[in-house]
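Both complexes below contain chain A, partnered by chain B and then by chain C.
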Partner chain A sequence: MLFNSLSFILFFLPVALAGFYALAAWNSRWAAAWLVAVSFVFYSWWTASLVFLLAGSIAFNFLCGALILRAQQREALQSWLLRLGICGDLLLIIYYKYFFGLLNWLGFHGLISLSHPYSVVMPLGISFFTFTQIGYLVDCKGGVVKTNRLLDYCLFVTFFPHLIAGPILHHREMMPQFADPKTYRFRWENLAVGTALFVIGLFKKVVIADYFIMFVSDAFNDTHGLPFFNAWDGALSYSLQLYFDFSGYSDMAIGLAILFGLRFPANFNSPYRAANIIDYWQRFHMTLTRYITLYLYNPVALWISRRRMAQGKSVSRKAISTPEGFFSLIAFPTFFSLILAGIWHGAGLTFVVFGLLHAVYLTINHAWRSFGPRVPETPPHPVLRITTTVGKVGLTYLAVVVAQVFFRASSVRDAVRFLKGMTGAYGFSGHAAEAWTPRFINPHLVLLHGFVLAGLYIVVWTMPNSLQLLDKYKPTLTEIRLNSPILFECKPTVVWAVVLGLVSAVALLEITGMTEFIYFRF
Partner chain B sequence: MNPNVMNTKEILEQLTEIFHQIFDDESIVLTPEKTAADIADWDSFNHINIIVAVEEHFGIKFQTAETEELKNVGHLIELIQQKLEAEKR
Partner chain C sequence: MSIDSNHLGFRQFLGIALLTLVSIYVLIWIWVIKEPMAYEEYDYSIWLAKMTLVREGKVGSLTILGDSNPCAALLPERLGPGVVNLGLPTGTPIEVFHVARNIIAGPTHPKAVIISILPSDFVSSEHFWDVGVSYGFFSLRDLEEVRAQSRALKDDSVIGPLSPGDLDVRLKSFLYDIKFPSFYFPALIASHGYGRYQWNSERLKLVLADRGHSYFGLDKGSTLPDHEASLKSFVPSKVLDDYFNQTLALFQSQNIPVYFLSMPHNEASVQHYAPGLKEAFAGYLNQYAARYPNFHVLGDTFPIYPSEDFGDPWHLNEKGAAKWSDYVAKLLNDSHVEGGPFGPN
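This part shows the complex of A and B:
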């Protein structure tokens, strides 16, 4: 079931909410069990049989976790159990996500003989629920997991607002909330704040992100001789589509959690406003960054640093300024985690290149910090200050857009051709381009589309984001830095009621129930 | 409380020293409320350096999950104290 479908909004959600608070008034355990049950129904809406896969994965990981907790004093046994658990999870995800892709690739290149291409239905959200649970197993071994009640664990994994596409949760931030009796008490404020965030997200998805679908597919489906303007329009349209689609989804997920009295970590914080790539990853898909930092980057970097310490080598700033130190302390862990982060999105060389590009960006960013000239953070003159900020944000965003072309394109060759088009290698526009994109035959539409793009960039670059608007009500577990004027604070006033009412009305009317979220594929 | 374990003030002083070395910036003033967001270069990379330097300086070892939970300097101090007390026992 999709968040952006009428059956979800008008039927599933009201029933789930009413049942939850009705049972909660009586017994909070039953309310939690109800949430698990409706979450399984939610998941079964796509392919009923895959419910067994989800249930199997939960049972397997819960068992592994319980065994790891049991073996508390025996370090070696714990490590083996952890390895077993992680291998089991990885095998499942490799089978469903990568195995057939690789098989067909080998067959296509004549390395093995296949009578026909094979495929398998990929269970939705498999990357999300598998990684959530791998994190849980690591936490079991790390001694962070204190309680392991089966019902709470099931709720932690299946809770429908995050099941398909995140935010990626930590066990330790959810369990105390499930145990807290306050969670199960109905509060009007939660209803208001959750609904506000949900409709803002819905609007972002169905009105803004879906507007770009045709423009994006026009440009990316046929990259032969793509002229300059069309290529740039396609790339920028995709960039905005991706942002509004995924941040819209995240707003909806966080809003839904609030409706049930729960708080999720933030997932977006105006990423396109980042002034460097390191900052970008602190703002875009924040829970994935957090996951990768914690479970991939940190262990590798810690292992290297501890080893260097043991060998009597330095890990200080001076050590980084030697090429050898820079490579082993920064470049290696960065490439390792970013390439894996790329592949996490799916089988395909395009995702490897996407990861590689970001690893290169991040390494350059770090190298600049270590080797580059020391410039003051805030230049003294206001004009200079504004130009440096614009320059930094612009350069960062350009790098992001280039990587996004690989993220979207169907092959590396397509992406390269697309980028060539963006340099003007195939001409700028002209008749060929107009015939090529029928949507642009009418010059008024071109103008209108230009206004839409410009307007959205003003929103993306200057306006407060949805979490900042609702900051007063602490909508997320992680704090979002505030830099917006108080004028934009969302409050229970008539003006805001009218604005949000209009937003929901327009969003509801725009619902087609046909378009999936981009991140459902991952 | 065990009198052999360092108090908060002592740990804060030694942490300040570590921060000065890692960030190559003598002007950093640490307070228990300071978070990563308050210090410009405190990113995930420098975070690892802080962790490793603290481990070496105090002779303790952090769990992976603990490295992420550190919300502010005060929290780090608490964790160091806990670890030191555990060592003593």
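This part shows the complex of A and C:
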């Protein structure tokens, strides 16, 4: 089911909310069970058989977790159980996400004989709920998980606002909320704040992100001889589509959680305002960054540190400032984590290149910090300060856009051709695809599109984001820095109520078809 | 929550937001229901004209049913005084069946019927919701039938993915039936709310005066490929096939002869057609001809016309339609089709 569908907004959500608070007034456990039930309905909306897959995955991981917790004094057994759990999860994800792609690739290159290409329908959100559960198992083994209750665990995995595309939750932040009776108490504040965030997210998705769909597909579907302006328009349109699609989704997910009295971690914090790539990853898909750091980067870095110490080598800050130390303690874990993060998005080589590019960016960023010249963080002169900030943000954004071309393109060859187009290698204007797409023939539409792009960049780079607007009500578990003027702080006033009503009306009116969120396919 | 003097309670805040939302919605809703001619897509007036002709029982002695191709290609004025063209833009066997049912329920029945549907319109129906349903052509009961049939045949190609209890489809049908404004908002924006009134009104009059005929593209030629060029093979949708079957059965029960007449394809498209497409389509039609004694296939199932006779990749222009209509009049006379003789009025 999609958050941006009329069935969800007019039917599913009101029923889920009414049932939840009606049962919560009676017994909070029943309310939790109701949420699990409606989450299963949400997940299996179009494919009923998926209930068994999700239920099976939950049962398997819960059992593994319970056995790991029970074997507390037996380290070796715990390790084996953890490996079993992780292998089971990875096999599931490999089967649905990578196996058939690999099989077809081998067949295509004549390495095995295939009578026809094979495929399987990838269950929605499989990457999200599988990785959430792997994290849980690791924490069971690490002693972070103390107790496990089946109902709370089911709710932690299935709770529909995060089930399909995150945020990737950590049980430590959710389990106490599930156990807290206050969560199940109806509060008008939650209804107002949750609705506001949901509506903002819906607006971002159906009004802004979906506006770019045709522009993006025009540019990316035919990269042959793509001229400079078309290529840049496609790249920037995709960049904004991804931004508003994913931030819209994240706002909706967080808003929905608030409607049910729960708080999620923030997932999106104006990433295009990042002044370097390290900062970018702390703002974009924040819960994925946290997951990668916790369960990939840190264990690898720790393993390398232990090996170095066993070899009598230093792991201090001074060691990192040597090329050999930098490579083993920073560059290697970064490449390892980011390439896996790239592959997490999908089986294609484009995702590997996407991960690889970001690994290079991050390594350069770290290297600059370790080996680069020492310059003051904030230059003393205001003009210099602004210029430096614009330069840093611009350079970071450019690097991000280049990687996004690989993220969106259907093959590495297409992506390379697209990037060549962005350099002007195929000329500056005029494209065969225009015969099919009259959008760029009308100069008024070109101008209007230009204004839309410019206006949205002003919003992206200068306006407070939705979490900052509602910061006063702590919409997430994450502290989002508030640098916005007080004028933009959302308050329960008549003006804001009318604005919310208007935004809701436009967003609802724009729901005509059903376009999937970009992150639903991961 | 702390409330200062300018602040409302959250309950009041939500109340005002809801009131704003409802006010805007109600205003737009009234406009959507009251003035479809002011904002609807240009095909709306053609649909409205055909619905009017059927409602008034002006179906002629030879009724033409089908999609937009016969609508543009067959000129009643060149075919004869008793010919009425009820071809519908984006029409598929589902729309054709419903027109047929409305004709049979009406006071006058034609002596014969011509059906002309493109092969691609047997394969999928991309515009079922946003054209026929959106224009109010189907009742809630009709939509329920389509849903039930899709469910029974396990074919969601027309109505979209089937959810538990088909709630998605039922809700969508209901919302279309009450003219829920969201479905009409793109047309409202594109028309600036009122921009299509004059055009739609004039076109409605014209189509009624021309007994259902309407041109689409009016260029002096087209060399772009048509829909059939994108078909890899001819595999009819189960639901669309079922409605075609129902249509033939309906006319059979009324002893009304039905003639299938394919409209010309652009010669520029021929090179793009999948091998075997033409034979598969002919085989499909012949199988029905064998099953229903009142059903006959007239002429070639894939006639080809020069590119200069097309006003766009799919539809004949004025020159092409005149040429084709004259040919069809002769073909109908030669085949002794009921309701004749055929020829210019």
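By definition in this document, the second predicted complex is superposed on the first by the 512 of 522 C-alpha atoms of A that agree within 3 Å, B and C clash if a C-alpha of one lies under 4 Å from a C-alpha of the other, contacts with A are read in each partner's own complex, and residues count from 1 in each chain.
Operating definition for what follows: contacts are C-beta pairs under 8 Å (C-beta built on N, C-alpha and C of every residue); 3 or more make two chains touch, one makes a residue touch a chain.
Quick caveat, the model's predicted, so the values are computed rather than measured.
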item: Room on chain A for both chain B and chain C (clash or fit); value: fit
item: First, second, both or neither for A:P323, with chain B first and chain C second; value: neither
item: Angle, in degrees and to the nearest 10, that opens at chain A between the C-alpha centres of chain B and chain C; value: 170
item: First (chain B), second (chain C), both or neither touched by A:L509; value: second
item: First, second, both or neither for A:T195, with chain B first and chain C second; value: second
item: Partner chain in contact with A:P492 - chain B first, chain C second, else both or neither; value: second
item: Chain B versus chain C as contact partner of A:G455, first or second or both or neither; value: neither
item: Partner chain in contact with A:G501 - chain B first, chain C second, else both or neither; value: second
item: Overlay on shared chain A, then closest C-alpha pair between chain B and chain C (Å); value: 26
item: Residues on chain A lying within both footprints (that of chain B and that of chain C); value: none
item: Touching residues (chain side chain A, partner chain B) in the complex; value: 138-139, 142-144, 172, 278, 282, 290, 293-295, 297-299, 301-302, 305-306, 309, 315-317, 330, 366, 369, 377, 481
item: Residue ranges of chain B in contact with chain A within the complex; value: 21-24, 37, 40-41, 43-45, 48-49, 51-53, 55-56, 63-69
item: Complex contacts: residues of chain A adjacent to chain C; value: 1, 5-7, 10-11, 41, 44-46, 48, 188-189, 191-192, 195, 435, 491-494, 496-498, 500-502, 504-505, 508-512
item: Residue ranges of chain C touching chain A (in the complex, touch as defined); value: 1, 3, 6-21, 23-25, 28, 130, 161-164, 167-168, 171-172, 175, 180-183, 185-186, 224
